[in-house]
Amino acid sequence: MNTPLLSVEGLSKRFGGLQALSDVTFAVNTGEIVGLIGPNGAGKSTLFSTLVGLHRPSAGKVALNGRDVTGLRPHVIAANGLTKTFQNVSLFAGSSVLDNVLIGGLVHSRVASARGFAMDCLKRVGISDIAQRSAGSLSFPERARVEVARALCTRPKVLLLDEVMAALNTAEMDEVIGLIRDLRKDGLTVVIVEHHMRAIMSVCDRIFVLNFGQLIADGPPAHIARHPEVVEAYLGREHDV
Amino acid sequence: MTSLVQAIIDGLMVGGVYAVISIGLTLVFGVLGIVNFAQAEFLMLGMYIAYFAWAALGLDPLAGAFLAFGIVFALGYGLQRTIIQRVLKAPAVSQVFLTVGLLIVMENGALLAFGSQIRSVTTAYQTKSLQIGPFFVSLPYLAAFLMSIASGVSLWWVLNRSWLGMAIRATAIDPMAGRLIGINIDRVMAIAFGLGVGLTAFGGAVVLPYLSVFPTAGSQFVVLMFTVAVLGGLGSVAGAVVGGLAVGVITSVSALMFPIQLQNLVLFLVFIAILALRPDGLMGRA
Amino acid sequence: MTMRQTFLLICFATLIPLALEPNGYYIRILTLALLFAALGQAWNIVGGLAGQMSLGHAAFFGLGAYTSTLLLIHFGISPWIGMLAGGVLGGIAAFLLSLPTMRLKGHYFALGTLAFAEVFRVIANTWSSLTGGPVGLSVPFSEPSLAMLQFNETRSYYYLMLAAFVAVSMIFVIIVQGRLGYRLRAVKEGPDAAEVIGVNTTRVKIHAAVISGSLTAMLGTLYAQLNFFFDPDTVFGALQISIRIALIVIVGGIGTLFGPLLGALLIIPLEEFANVMLADRAAGLSQLTYGALLMAIVLLQPQGLAEFAKKLAARISGKVMSSKTEART
């Protein structure tokens, strides 16, 4: 079997007395779309932050394309092809939309060529018309898209999307689902944290379930929907699947 | 060895005073969230009040300290309501420049009002000291130390045992929540600012028996106060006490090793090191 | 502001001295204002672009003044070379300061940098064998020449400072429009997000600090040559240098290209006139006025003069001046 693109082994993160992640192990292969679900506070965002290097893991290993990236600074990990969007949206509010995205492109190129590529990324997510607007003046769905464009501009191999569909209506959500599928066609590997089960179930090849910082299930959507522990921990109470 | 122990004793004596004047700074930061660069000027003001109370009324500076506290408390309350309050939500830059402006105004106001001459008081106990074995404790230093500790304990009592203290602590933690449970946070903040600068003025008055007062008397305490406050964790009253005693001992012991001019240097280096290593203070925020 | 307007402004600045007495009082004030505008612009790289409010730039300024002057006194080395040496030392000092203050924010950064500059002031006052101690240093006189950076007329210094301001401003513009500028704004507005999209926030902050510190040190040399005399408290002073530089930029408009010039043209003459008019009346009166003005500025116009000028211009011409947005984008 090939080396997985992203492999996580025994990853743990402890904040003082709180065990946010314990012994999380999984692998994501090139071209997969993987969903990560779990109740609020299960550790999904902590997992993303730890993967991209914002938190230093207490134990465990993260490897990207076979290369150990555990404990490296986020910008190094980004340069190696792993980046994420922020759940609460963290744009550079004083800069224009285009400049926000452009900064992502500076990993690989100078300002002039990064600007062209940033425009391409904005077109890609369908918001090239707001390129000159100030990032601070956007609506939440617009900001979430700028986040995606900015992450794309770093030319990632693996993209972690943290609730980019929050606050979207059904039509907008379908657009984003279409976008994620298109990205996969271009060879991108995507991991999604999302609360909308319909979106997750329709777009993902596989789903991981996180509860109390532990991975409790891993499988195709249909399998996850029937998994007793998952239904118990998460799905059964909040959703009818 | 004897001289080292003696230096530690001296350091603790002045450290108690450092603690009290820095409690004022840390209290203002903890409750209002602003770093008051002008804090040391209230120490100078406290010294002047105690001096004139002594010169005009014959009041001992240790008694004048209470007068200084009262006057400066009222002044601080008024300043907070009229000026400081307007920058509480402003960027840090604005706050820094406002309090630096206040520093300049107070220092030069004192120069205009009182002239540049150096003034000091004479008291009966000024030159006396206690002897314990081979060690000496200077009486004015001891008195200042005891007064400082007493005022620190009083403040601790107010903060932890009274309704006002509860309101102050609640405001420090979360002003919005404070407002929700019916605290008039504008008034609480003004009281906290008054208490903070009042305590610093109190500390200024109690050191008058062994220090002189002049318009720039406060400026020599600026870095010292910040070192103490940052050492203990800006916003932590208990930390300021520990920080004050520690800084007192550090300066006193370093005087054994370095020429007097370099004492401040040691302080600055300690200060930068603490900022770099433990920005929340050695004890964390209380 | 467009290229054409900028060009006209520089032409205008070049012509001003022709209307003034070459060694007069007014040209001296303008010369000083230009020097502080240049210092403000250098500070702007750290304070405006990276959003780190340094109150320690006096450390670099004084280092530059002492380096070139000591080299001149002891070895007769031209201040031009001394200026470069000071620039190197200033850059090194800024690098060393970055290490402990890198992760500090807001008040803590301001306090840490302030203490750093105070360390230099104490050392300069104490190490008398090298620095002359509190007495200060005098720049030795030589034949007036560009090579020795000494002139008979204040007018020549005016052009020197104008050139310095233009040079530092060009560096500022190059930074703003280049990779470093974009990255600095990202660091300022969202350090975590910047890291995750590939910005090495540590290196970016160090780069800005070193460039800013180095330029500030070089301007310190120019100050020494202009003033012929200085002591530790004037070149390493918190109020005299660090806070004054920051104040000028904040008043003029932080992070903007013309903010430092606006601020310096307001603050420096204001201080000078306050000094002249009030200093004789009573000791402390001019300083008191200065402090009161400082407080008033903060309370009345927290966004800075540039913002105010922008609004005013927008009202007059019906369109927004673009200088500020240019500097920001």
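Note that the chains are named A, B and C in the order they appear, and that numbering of residues resets to 1 at the start of each chain.
Definition applied: contacts are C-beta pairs under 8 Å (C-beta built on N, C-alpha and C of every residue); 3 or more make two chains touch, one makes a residue touch a chain.
Quick caveat, the model's predicted, so the values are computed rather than measured.
Q: Using only Cα atoms to place each chain's centre, name the chain farthest from chain A.
A: B
Q: Comparing chain centres built from Cα atoms against the global Cα centre, which chain wins on proximity?
A: So the chain sitting closest to the middle is C.
Q: Just give me the whole-number Å value for how far the CA centre of chain A lies from that of chain B.
A: 50
Q: Using mean C-alpha positions as chain centres, tell me how far chain A is from chain C in Å, no decimals.
A: Centre-to-centre distance between chain A and chain C: 44 Å.
Q: Please report how many Å separate the Cα centroid of chain B from that of chain C, as a whole number.
A: Computed value for the inter-centroid distance: 33 Å.
Q: Quick one: in the complex, what on chain B touches chain C?
A: 35, 83, 86-87, 90-94, 96-98, 100-105, 107-112, 116, 215, 223, 226, 230, 234, 259, 261-262, 264-265, 268-269, 271-273, 275-276, 279
Q: Under the definition above, what is the set of chain A residues touching chain C in their complex?
A: Chain A residues touching chain C: 52-54, 73-75, 78-79, 83-84, 86, 90-96, 99, 102-104, 106-107, 110-111, 150-151, 153-154.
Q: Give the list of chain C residues in touch with chain A in this complex.
A: By the definition above, chain C touches chain A via 177-179, 182-183, 185-186, 188-190, 192-202, 328-329.
Q: Chain B touches which residues of chain C in the complex?
A: Residue list for chain C touching chain B: 53, 55, 99-101, 103-104, 106-108, 110-112, 115-116, 118-119, 122-123, 125-126, 239, 243, 246-247, 250, 254, 282-285, 287-288, 290-295, 297-299, 302.
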